[in-house]
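Below: the structure, in structure tokens.
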């Protein structure tokens, strides 16, 4: 019955198969660590435009350039 | 002054009128049960791609097929 | 399969029965407007300390005094 | 290390520069008030369709017309 | 740089060690599936009172009794 | 009419006055950058136990020790 929300930037090429792996992995993690029932575990993935994601006070793409 | 967030999958044909009904219904629920002021109640609806929604460790469309 | 999150301030005396009414009402709303399955609808209520809730640029209790 | 989520309606013309200002401003606010480290502060902006945003029990555009 | 939010009910006895396993597992999942940098992956766990969590239109503890 | 959610760890000594500064600052930021109406801007602050917050695959307090 847990609820898991995964927020990532919308970039590269996140496939339906990779999303299925995230859903499977997060659900199994809750089952393995806390014994939660997979049938009632909900996972929601949000893909966020890179210009809408900030870190270090900068849009993420500028932040990455500075970190290099 | 409550804040209500409703997350549903983006599918079928959710019309602007149905969204207006969700906003009205959620706001009235908070007024009726807790006496909250409708004028300061905020409702935000998120529509999520079906491949981004998981249940039972599977993308929701696969989960539904197994449940049939 | 929808997910509903209701955020309210922790104040007055919200009883377990009132919370049950919010859960029932939100679930029925999604069933009535969009035909969503109640068995897989999740509702999570968050109660927030009044000093952690702001409106009009002020903590909510100060905002209410000004509005009177 | 704080996480800030800003939800606004998708309308008018929010530019990448304005989003960068929101990211910078929110990060500096946490640094100035609480001494939080900007390098680990995350800001995520969500733009929501106007028909998905409600206030006063109405979709936001109808609510605004009544308020005028 | 992903952000993961895990919501579970506050019950049983979730230890600091189990929370550490959830944080580690979620971070490794994002690294393994999408190549995300663990150093900038944030995980936040919310523990919710059982009377604040609903499923099937009922508080979760009543829902579980009916399912037995 | 924006909604801002600020998540921080519950530690040190965050006073009611500091929270009021966060509410004021976030509301003014939205007004200054996007012309949003302060009267309908909502700010919610969540304080999260340190053992519930992870970064770099570790609970935040362990992560900080390694970074020193």
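A, B, C, D, E and F label the chains in the order they appear, each numbered from 1.
Quick note on the criterion: a residue touches a chain if its C-beta (ideal position, glycine included) is under 8 Å from a C-beta of that chain, and two chains touch if they have at least 3 such contacts.
The structure presented is a predicted model; accordingly, all values stated were derived computationally and were not measured.
The interface at A-B recurs elsewhere; of A-E, A-C or B-D, the pair that shares more than half of its residue-numbered contact pairs is B-D. Interface comparison, E-F against A-E: more C-beta pairs in contact at A-E. Centre-to-centre, using mean CA coordinates, chain C is 20 Å away from chain F.
With centres set at the average Cα position, the gap from chain B to chain C is 13 Å.
The geometric centre of chain D is 26 Å away from that of chain E, both derived from CA atoms. Each of the following residues of chain D touches two or more other chains: 1, 3, 7, 22, 26, 40, 42, 44, 53, 55. Residues 1-9, 12, 14, 18, 21-22, 25-26, 29-30, 32-34, 36, 40, 53, 55, 60 of chain E are the ones that touch chain A when the two sit in their complex. By the touch criterion stated above, chain A contacts chain B in their complex at residues 16, 19-20, 22-24, 26-28, 38-47.
Interface of chain F with chain E (complex): residues 7, 48, 51-59, 62.
On the chain B side of its complex with chain F, the touching residues are 1, 3, 40, 42, 44.
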